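Below you'll find the structure, written out as structure tokens, and then a few comments.
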Amino acid sequence: MRRRVPQLVCGLFGLLIFTLHFLTSDQAHRTYRLILDDYYQIVFAFALLVGVVSFIRVNLKAVERGKDRPYRIVSLLGLLLMPVLAMGWGIGGDSPFLWVFDNVQVPMQATVFALLAFYVASASFRGFRARSLPATVLLLSALLTLLSRSDLGGFMAEYITPVADWVRYNPSMSARRAILIGIGLGSLTTSLRVILGIERTWLGGGK
Amino acid sequence: MLLSNFVLLNTSISSWFDWSQLPVLIGTLICVLIVLYTTFYQAGRRKFKMREIAGLRAVEDAIGRATEMARPILFTPGWGGDIQRPTTIASMNILSHIAETTARYDCPLIYPTHDPVIMSVAQEVVAESYARAGHPDRFQSDNIRYVSSSQFGYAAAVDGLICRYEPSSIFLLGTFEAESLILAETGNSVGAIQIAGTDSTIQLSFFIVACDYTLIGEELFAASGYLSGDESILASVRSQDIIKVLIAFLLIAATLWATFDPDSSWWRF
Amino acid sequence: MDIGIIIAGLLTLAIFSFLYRDNPVYKMAESLLIGVSIGYFLVITWDNTLRANLFDPLFTGGEIDLLIPFGLGLLMFGRFSSKTSALSRIPIAVLIGSGAGVAIPAMLGARTLAQMSATVQPLLTESGWLNVSGLVVLVGVLCTLAYFYFSREHQGTLGRVAKTGTWFLMIFFGTTFGYTVMSRMSTLIGRVEFLLSDFLKLTN
Amino acid sequence: MKQLQQRHYVFIGLALVVIVTMLLPYRPEIVPSAETRRMHEYIDSLPEGSVLLISFDHEASSLPEIKPLALALLRHAFSKRLKLIGIALLPEGTGVGYGLMREAAREYDMSYGEDFVYLGFRPQYVAAILSMGESIPETFPEDYLGQAYDQLPMLNGIENYDDLACVISVADGSLTTHWVEYGHARYRVKVSAFVAASMVTTYDPYLASGQIYAMVSGLRGAAEYEKLIGIGGSGARGMLAQTSMHLYVILMIIIGNLIYFRQKQRGRG
């Protein structure tokens, strides 16, 4: 019962959505939209509440045990701050809510993102070793692209860039095509197994 | 009479069926038949064998290493996916296998995610694996946690977990975006053995450079079958192979056709 | 100076300090980022989804059919107790099932069929020359597909073809790496521009 | 410990390169690529009053790369007197998209509601894209500022994708894929893209197959577009730093290999 019902629901919804994809009637389109738009979002929103409660619980427990106490408190305060600001002053144009978003959250996120530039440099230093033939091909292809997209003028623009563009549009793209086809097939069969009820891992494993 | 009925039926079909999607419908039906054939007909007759994938042996090694060193394993499905994504399901399959082993050796398994639905499903999967391994008491649901839905909030949180737990093995299996290299380089700095696998083609290039082993695209789906030993997944890997052979023949035939008859267009779907 | 810029600048430096190593300043910034970003997401989800798409239309607009997703959502709360947690499988089943239903035509149509069609090109140009680029693409796709063939060990002819496939893969990874380096550097440029011109006022 | 230090030298070198080049006043010459020109020609060819849907499919964190791209597009579109509808598929891009549209609109004296509108954010991007194919007013009953859809004069008669010239996705990640796989594949809407450089190879197959009509990428693409429309911007400002950082990465790859080969030789000796 704990498995059968969800499995049945899953199969039915899968079949329904799949069928609706091929239909043109307004009713079909409306149902398609209702399920994919409203159902998805609303269930997700409730799941988020569950997730946030779990986050708070994990952090409160840590505060009790005294592990990393100041950090956990900062996390919890940050989490509390945003809804309080939103409830007090709204979330529009010049609200404190957006001010915190713009001056606290965005700069930190952008900086975490910018860390990547440094990691790219250290990964290039460490990972791009010509250990084998394929590794050498990888290295040369990366060097070619980097050179072609640097503004060094003259020789580069005339000879390197066309070669790099040819590589990008032909051998490089063909590999990505095959990866896409492969992933498409993998996703397709996984989805089929989900609808047919053969794939049950999401129910906690089906063995 | 019969003929007019048929015409009527035909026009009524054409008014509610989206004809531009016909190739997709035919393609799907062919694939369904092949999957059903390998899953229910062929699977009963012979055992599927699969070629060795280098990353797979590494998965076992990585689990072994963590249990030997008695250090945690960190598994994260990336920021890019949601539960509807087939890649996430494949990643859950591998998680289930890893959790079974960590349960047996009582090795902590940390699973941070950006998606509360994925968190719920992962808790079920891991709890069930611990029960299957005979150690339901060792399961700690708090180790499977929602960190933040923001991309770099998630990245910062996972980075923090990596630095503080110093896991011996890190599994980055799922759908990743730009956060991939942040996680992989931080993992490298604490000396963890790292196994990555994703359907995000861009991030593959970073994983190839920064991780110890990388499952490329479809290999992730195959790996989920190989590790779990689930015959039905192996059967669907087999069906993917059959479809691939069909595609290869179709591509060659269509190319030859197009070469000799450049005005043809039957191969444009 | 604008207090917002000072805070943003200090937090930027706090995150950059992680490059040296994990430290209390970074940990503080990280904890704040996690908390604030969850709070932000919570507010946005409340405003965009729960209020705008559920409670308003249901309670003031009288759209009773929204009771179904509302009920499904409430079942997620089953997770708060281990006795009722199995209830949450039903809404999850709806998500996974409908996701699979969408994915099948999408994956087959846009990924597989469209990519196949685009690969097919006449191998002779109009003037009768061999279309080298077209041939390279076809060979690349076929060899890489062979790499993803799992049913047999990669030995003999299949092995050689699959090995050629790995070269194509490596070319692709190299190109992607190159382009992504560009992108990552741009982000750092943006951050440094902020620090130099807005925060430290060294340039304008 | 030794690796830790090596890492730090690499970091310090990069920091020096970017800081020094940003402080220098030199600006290199830029030659627009064919790809960028194609987009420029397309927008240029649209008759006055055509409606474009601009989807801000990015996070706030990638603003440094996205802003010059988006501004170049908006300035060109407004100067051609096209009508623009803005939306966002990621919550963090919402405020950013609105700010950018207002900034560009001010420069060209465009008025809200007549020449451009901003509909705001919709969660679940796949669902949102599909839903707009059925009905934009039902997907966005009100705009970002809370005004009803039918109260905005510009939106009169705009029901779904059939009423748009093109969808332009301004993206830092894989969201454009969904425009292609759901918007274009199902509703045949024309899709073009302004994307972060990291996404270029992801979208190449779609560009080549015509599923994406035209694409401009990266800070460099922005600099090229700025040159085509004759307006300078921050794209051009960063180009010297960009080139120097590429050369730095190339240098790192070479030094890494020199060390590797020396160690290998020593190992043999």
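Letters A, B, C and D mark the chains in the order given here, with residues in each chain numbered from 1 onward.
Here is the rule we use: a contact is a pair of C-beta atoms (placed from the backbone, for glycine too) under 8 Å apart; a residue touches a chain by one contact, two chains touch by 3 or more.
None of the values given here were measured: they were computed from a predicted structure.
K.L.:
Counting C-beta pairs in contact, pick out the pair of chains that comes out on top.
P.N.:
Here the largest contact count links A-C.
K.L.:
Using C-alpha centroids, which chain lies at the maximum separation from subunit A?
P.N.:
The chain farthest from subunit A, judged by C-alpha centres, is D.
K.L.:
Roughly how far is subunit A from subunit B, going centre to centre by Cα mean, in whole Å?
P.N.:
Here the centre of subunit B sits 14 Å away from the centre of subunit A.
K.L.:
Counting only Cα atoms for the centres, state how far subunit A is from subunit D in Å.
P.N.:
Using C-alpha averages as centres, the distance is 18 Å.
K.L.:
Can you work out the whole-Å distance between the CA centroids of subunit A and subunit C?
P.N.:
Those two chain centres are 3 Å apart.
K.L.:
Quick check on subunit B: which residues sit in contact with 2+ other chains?
P.N.:
21, 24-25, 28, 31, 83, 85-86, 89, 117, 120-121, 124, 147, 149-153, 156, 178, 201-202, 204, 206, 208-209, 216-218, 222, 237, 240, 244, 247
K.L.:
When you check subunit A against every other chain, which residues touch at least two of them?
P.N.:
Those would be 18, 21-22, 36-37, 40-41, 43-44, 47-50, 52, 55, 101-102, 105-106, 108-110, 112-118, 120, 122, 124, 126-128, 138-139, 142-143, 146, 149, 168-169, 172-173, 176-177, 179-183, 185, 187-188, 190-192, 194, 202-203.
K.L.:
For subunit C, which residues are shared contacts with two or more other chains?
P.N.:
15, 18-19, 27, 30, 33-34, 37-38, 40-41, 44-45, 49, 76, 79, 88-89, 92, 95-96, 98-100, 102-105, 107-109, 111-112, 114-119, 138, 141-142, 145, 148, 169, 172-177, 179-182, 184-185, 187-188, 190-191
K.L.:
Using the contact definition from the top, classify how the chains connect: line, ring, star, complete or other.
P.N.:
Graph shape, chains as nodes and touching pairs as edges: complete.
K.L.:
Which of the residues in subunit B end up touching subunit A in this complex?
P.N.:
15-18, 21, 24-25, 28, 31-32, 35, 39, 83, 85-87, 89-90, 92-93, 96, 115-117, 119-121, 124-125, 127-129, 132, 141-142, 145-147, 149-153, 155-156, 178, 181-182, 184-185, 188, 199, 201, 204, 206, 208-210, 216-218, 220-222, 228, 230, 232-233, 236-237, 239-240, 243-244, 247
K.L.:
Within the complex, which stretch of subunit D touches subunit B?
P.N.:
Interface residues on the subunit D side: 3-4, 7, 59, 61-62, 92, 172-174, 186, 188, 198-199, 201-202.
K.L.:
Hey, which residues of subunit C end up touching subunit A in the complex?
P.N.:
Residues of subunit C touching subunit A: 4-5, 7-9, 11-12, 14-16, 18-19, 27-47, 49-50, 53-54, 65-66, 68-70, 72-74, 76-77, 79-80, 86, 88-105, 107-108, 111-112, 115-116, 118-119, 133, 136-145, 147-148, 165-182, 184-185, 187-188, 190-191, 194.
K.L.:
For the complex, give me every residue of subunit B touching subunit C.
P.N.:
21, 23-25, 27-28, 31, 48-53, 82-86, 89, 117, 120-121, 123-124, 147-150, 152-153, 156-157, 159-160, 163-164, 178, 201-202, 204-206, 208-209, 216-219, 222, 237-238, 240-241, 244-245, 247-248, 250-252, 254-256, 258-259, 262, 267-269
K.L.:
Which of the residues in subunit A come into contact with subunit C in the complex?
P.N.:
Contacts found on subunit A: 2, 5-7, 9-18, 20-22, 34-50, 52-53, 55, 68, 70-72, 74-83, 86, 91, 97, 99-118, 120, 124, 133-135, 137-146, 148-149, 164, 166-185, 187-188, 190-192, 194-195, 202-203.
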